[in-house]
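Each of the two complexes below includes chain A, the first together with chain B, the second together with chain C.
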Partner chain A sequence: MDNTKTAGSNIPVKIKNFLSTHTSLVTFIAMLIFLGIITNGNALKLGSLQNLVVAEAVRAFGALGVGMIIITRGIDLSLGQVIGLSACVSASFAQTADYGSALYAGQEFAIWLPVIAGIAVGAAFGLFNGVLVAYGNLPPFIATLGSMSIATGLKLIYTRASTLGSLKNEYKIISQGFMGPIPYLLIYVVIAAIVIWVLMNHTKQGKSIYAIGGNAQAAKVSGINVKAQLMRVYLYAGILYGMAGVLMSARLGLANPLTGNNMELDAIAAVTVGGISHAGGVGTVGGMMIGLMTLGLINFGMTFLGVNSYYQLLVKGGIIILAVYMDMRKHARKE
Partner chain B sequence: MSQQQDYILEMHNISKSFPGVKALDNVTLKVRPGTVHALMGENGAGKSTLMKCLFGMYKKDEGEILLKGEKVHFTSAKDALESGVSMIHQELSNVPDRFVMENLWLGREPMHRMGPLQLVDHKKMFNDTVELMKNLEMDIHPKSKMSEISISSQQGCEIAKAVSYNASVVVMDEPTSSLTEKEVEHLFKIINNLRDQGVAIIYISHKMSEIFEISDEISVMRDGQLVASKPASELDDDKLINLMVGRDMTHRFPPVDFNIGEETVLKVDQLTAANPRSFKDISFELKKGEILGIGGLVGAQRTELVEAIFGMRGVASGMIEVHGKHVNISSPREAIRHGIGLITEDRRGTGIFPLLSILDNTSIPSLDDYKKKSHLLNHKKIESDSVQVNKQLRTKTPTYKTPIQNLSGGNQQKVIVARWLMTSPDILIMDEPTRGIDVGAKYEIYLIMTELIKQGKSIIMVSSEMPELLGMASRVMVLCNGKKTGILSREEASQESIMRLAAQFS
Partner chain C sequence: MKKLLTLVLCLAVLSTALFANGQQEAASGSDEIVIGALIRNTDEQFVADYADVLKKLAAEAGVTLKLQDSRGDMAAQLDQMNTLLVQGVKHFVVVANVTEATEDMAKAIHAKGGSAAFSNIQPSVEALKVSPNFFLASSPESVAGTFQAQIIDEYFKANPEKMANGDPDAIDAVFLYGQLGHPAQVYRTNAVKQGLIDAGYKLNVVAEDTANWKPSEAQAKMDAWISAYGGEFDLVIANNDGMALGAVESLITNGYLDDPNDPTADLDGDGLVLSIPVVGVDATQVAVKAMDEKKLLGTVLQDAVGQASTAFELAVMMATEGSAAGKSAYGIAPLTAPIDEAPANDAAVVGQCYLVPFKAVTMENYKEFMQ
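Showing the complex of A and B:
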């Protein structure tokens, strides 16, 4: 706002502003270039990038869901287990009928059934979380910690702690197919991101979600039905997790009790890196996606460079802490 | 010199300015030991500022403070407490789920050695507390939970804490505002006891009957100045009111042309809050085109009343009619649907969305009007309408995408007014519409109000500023302790008549 500045010194200011508002995008591009240089461009070949997209696609659905929840100042720890449960349920209806150890051996299901069932599982958990948080006034951390455990238990009970394999080819193609060089998964992610972007930016609901995260009291005074809106956010997130579960089982061609483990960590880390503030009310869908790709690129790059996966965990933890630290410095509210 | 020894606390020539206001102007206050010294004045007269200067929460610009004849300079409430000057706040700050004794000795727990460890000596803590309570003739068990004892007992604990620091001066800010009559009696017993032990008590209150019952001397503040310091025996209600309000009105208000219609837009009948400590049996009518002022002192439950009308607080009984139709308002959503808007008193807490843009802050309650057939929002129209309303109100902002937290208080308030104008309400409730904004912005808010009534809208304005009520309201309803004590017409309303009603019950 300082008018006394000369035109010349405005350019660095502009660059500085751009850097501070697009930190995550700049970081992502810088990392991409860095990785390209140290691998002589090998990491940026089409095949490698396809692998990256496929690996991150399922997580993207989780990130979109939990990203919306974090914007309301909430959190969802059940994400990974709900995705896992939904993957197991959908897989159980997609096993080939002549596979002896199939859960429903000898039974033939329509191809849409596993898809619907998986999404329904996610939606049910989303609704459950939403009711607990919005109407039960449970802190989101505790409510979703509980449902995380419930989902884990159900997953083990339902699968009888064994792997559900031998999925039908016409089911697997949902995730494994390509349209030219473009994996189907990328198309789904782009569609989902666009839908959520429209929801968040072009509907009353989206505006209400930002308002609730920004100041829930003021939102109520402004006539927003805070409880109903909060519940819907958790429900939408659950639907996204359900889709993630379906896509995951189709991509892997199986599901087992370990499916989905720790995915909540990755998704929360991704959106945090992407600038979704835990102080609430701040964040964009673009940011969520960039954060996801950044974290994906770090994993992918370290694997590509042959870094031991145990060390990758250390790096990931450090990045999460750093991202939240930066976020809190930027958005922490003054008491 | 001997004259000075009579006083335990002397504040000499204290001045304090904030940007745009002189909050304290050369104030001198002297307090004798073993007396209750009442400090009175309208909201905003400077009582709290003076006390904050005493406790070092504000840095005084000029003046000096003597305690027992020695110059002191406190940097915090804790610092003052250690020198024997204690403050008991209106809002108690204890740890509710811990024992009384733990609260009393918090941060300075008696310790004893056990082998290599320094542990808290609970036995000594208990015994010290028992003794302290006995001295003050208070019947509070050291192992009661703070949350389980009455508010007057909680205040008693605060007083006991002060005594345990050997306090020689105790400041009480509105100590009876949330007490029942019985509890007040209890508190006064404790205060009398304290006075007999030679402690000086500075007693800040609005309630005149209480003041005359408890105090030995009375000081009155007005507009940042100390206008009188007299023995209580030389004063009565009328003299006190005159001292508190005696000031001339300046041209701080635009001329208001009331064109009040016949139609009753809002009728409130026997409204009683769900909270028994809040308002009771409030009835009033609001006509088309009028500004109904609601006056009263701190604790009169004015905010609680308007928030209940707006559906933010529970109502036990009573009825509300909008345009002659009985309505049931249990949430702000419904209030808005019935054409009511509320600009809340707490702009930060319940008004702004700090990080969201001016556009979002303006449009949020009226988004339903901007849905296209596809349910998507018509951003262009939102922007043009929001900008238009804000321009009308002369909101100053670099861009309309700027987060509202970057604006000044006055401009934030204009955005909130714009927000409610977008919903085109028939009834606009403004709770302290000019709190915390500068004089120029105040005038603009008043202008907007006159514009609104010209358009046939009706306004309810809660205000703690007497001149604002007199300058802007067509009628003034006065509350005191949750009860309606009267409605004054514009002709009847004066600082004296309002103050009389505002301090009626004790």
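Showing the complex of A and C:
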């Protein structure tokens, strides 16, 4: 906790400013160090860090998607169920042909089919959400609440409420493989984060997205096609969910109707902790990733220390509330 | 900002330090025996009982138990397993989320030279084939169904007039299933149906659907069936007690009582206050209490103590002796010949299967099961 003292008055203003603008990063690093100290470095071994990254990778795709949506002052409750549905669809095309209980028993599919199918499912739902919100003028909360239920229903119907297991090894390797010490999953996340970062910071579209979240009316007046841009954000998010679904099924080696449950809450919490403001127009890709890793670290740390899972829920809840409180304070002061 | 930063850090520090059970040093090369327990979801009564037994056994034996509850999330269970493996935990007791995940779990544990005993959710044959150090310490689900059929048979033998609804010559039953395709759902259902047919009954399935093991879903389903088929069925068969009790609630609120004015009166002398009998599986304490209140005809004990003790003894044996081949655990010898039910149907792995018997809980003996 000594780190906090560095924000004292005799320290150069630069550091002070850095701390105040990068609170979540500082918090994350401080927690990492703390966890390292109380476990004698055991929690920071390579294997542990690999586990941490692997555990959060799928959620990272969800967080990037919903993070963009929240920046437009929207929300997406369908995230978890869409990821689950796309995991189920992709898994169904990746089952070994000789597995008797396979959904398409006896049929051999090309290895790219489950990947494309999973992403297509996500994209379709993203487009659906986008049309409802942008052109149907439905409040995002309600539109995505509806599509969440539709995705849950489709997931149960498609899987006939059973588990789709026995996935091919060459499919599982997509998520379970390593390049040296680096899990493939980390590579995908880094690529996705860079793509979204470029989109948000170095394209006209990115500027439009921030403008819409800041003030949709003003954005419209300044010549931005708000409806088309909004729809695209939901579509991009859907594509990211589709990828998350594929990676999820490959990682678990199975998918079932429970896959993806409650993931929307984890992803929304992560980006909120990472400083994405629900008031719209504020937030960075870096923030999303730090928020995600912060919650991931808390999860991992508590598992490592053997904390009862019931208490883990309390801690997570407390941290989310605190993060939003801080966010509100920051904005109140600006005004 | 300074204050807030302090607040966040304090919370982070407290969160980890305050609730920690001080287990982090456990696996650092001492002589201490460490067993990892990967538990599906302690919100489920059977699993909660199982976890409690493990904790008690570990405390008695001086074994460090690292118990992780995945709260029904397969991905979380994998993360927890990976975390324990990194900490050096080798030997596991596992109540998996799904059978299909057991092979990958066994492979990951085997890669670190470890072992695991699977309870409740059966491991796949492939999981047991990973190495002889992986075990089934569970109960064959079909036996639960057979016991249900026996309880039902005794009831209708004693009260033949209770078959009058629907087809008077047949047992007209509604079925509440667990998660479809779940081994417990498949084997329990097939066995109870077969058991009734073997006992010489004509079985007429009036309605059947899944309630995903949940009382609330079962109650809603039952409410709908009563509107649709009221008076056409003689019996409710549920794959677990939770759903059976959901059905009981529905029957009570819909007035299926011997005396709608007195929900504690057994007018027809069949031992039940309900006019339609309900059977479940699991013998949870709430279910046994419902039997005491004459609301539930019978259930079958899935022996949490037996399964947990068998799995725990196997894990300890692996940790101390490095092998459990051919040895008995909790007084149960490994199977010698295949049975009809996976994974114990594969001759190559029968020696790794420890079958913990189910017990029928009837109106005669239920008091023995009250705690």
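In this section, the second predicted complex is superposed on the first by the 318 of 335 C-alpha atoms of A that agree within 3 Å, B and C clash if a C-alpha of one lies under 4 Å from a C-alpha of the other, contacts with A are read in each partner's own complex, and residues count from 1 in each chain.
Just so we're on the same page, contacts are C-beta pairs under 8 Å (C-beta built on N, C-alpha and C of every residue); 3 or more make two chains touch, one makes a residue touch a chain.
Here the structure is a predicted model, which means the values were calculated and not measured.
Student: Looking at the overlay on chain A, is there a clash between chain B and chain C, or do the two fit?
Tutor: fit
Student: Based on the superposed arrangement, let me know which partner A:Val282 touches: chain B (first), chain C (second), both, or neither?
Tutor: first
Student: Is A:Asn225 contacted by the first partner chain B, the second partner chain C, both or neither?
Tutor: first
Student: Between the C-alpha centres of chain B and chain C, what angle is opened at the C-alpha centre of chain A, expressed to the nearest 10°?
Tutor: 130
Student: Determine, under the contact definition given at the top, whether A:Met326 touches first (chain B), second (chain C), both, or neither.
Tutor: second
Student: Contact-wise, after the overlay, does A:His202 reach chain B, chain C, both or neither (first, second, both, neither)?
Tutor: It touches chain B, and chain C stays clear.
Student: Once the structures are superposed on A, label A:Tyr210 by its partner contacts, choosing first (chain B), second (chain C), both or neither.
Tutor: A:Tyr210 contacts chain B only, not chain C.
Student: Mind working out whether A:Tyr311 is in touch with chain B, chain C, both or neither, as first, second, both or neither?
Tutor: second
Student: Counting touched residues of chain A, say whether chain B or chain C comes out ahead.
Tutor: Ranking chain B and chain C by residues of chain A touched puts C first.
Student: One more residue to check, A:Lys14. First (chain B), second (chain C), both or neither?
Tutor: neither
Student: Please work out how little space separates the C-alpha atoms of chain B and chain C at their nearest point after superposition, in whole Å.
Tutor: Here the least C-alpha separation of chain B and chain C stands at 19 Å.
Student: Enumerate the residues of chain A that count as touching chain B in its complex and touching chain C in the other.
Tutor: 1
Student: Mind pulling up the chain C residues that touch chain A in the complex?
Tutor: Touch list, chain C to chain A: 1-2, 4-13, 15-17, 19-25, 28, 42, 66-75, 78-80, 82-83, 85-87, 97-101, 103-104, 179-182, 210, 212.
Student: Which stretch or stretches of chain B touch chain A in the complex?
Tutor: 310, 312, 331-333, 335-337, 342, 344, 349-356, 360, 363-365, 367-368, 371, 375-377, 379, 398, 419
Student: In the complex formed with chain C, which residues of chain A make contact?
Tutor: Chain A residues touching chain C: 1, 3-4, 7-8, 19-20, 23, 26-27, 30-31, 34-35, 38-40, 42-43, 45, 47-48, 51, 54-55, 58, 101, 160-166, 172, 248, 251-254, 256-259, 261-262, 298-311, 315, 318-319, 322-323, 326, 329.
Student: Using the touch rule from the top, collect the residues of chain A that touch chain B in their complex.
Tutor: 1, 198, 202-204, 207-208, 210-211, 214-215, 217-225, 281-282, 331, 333
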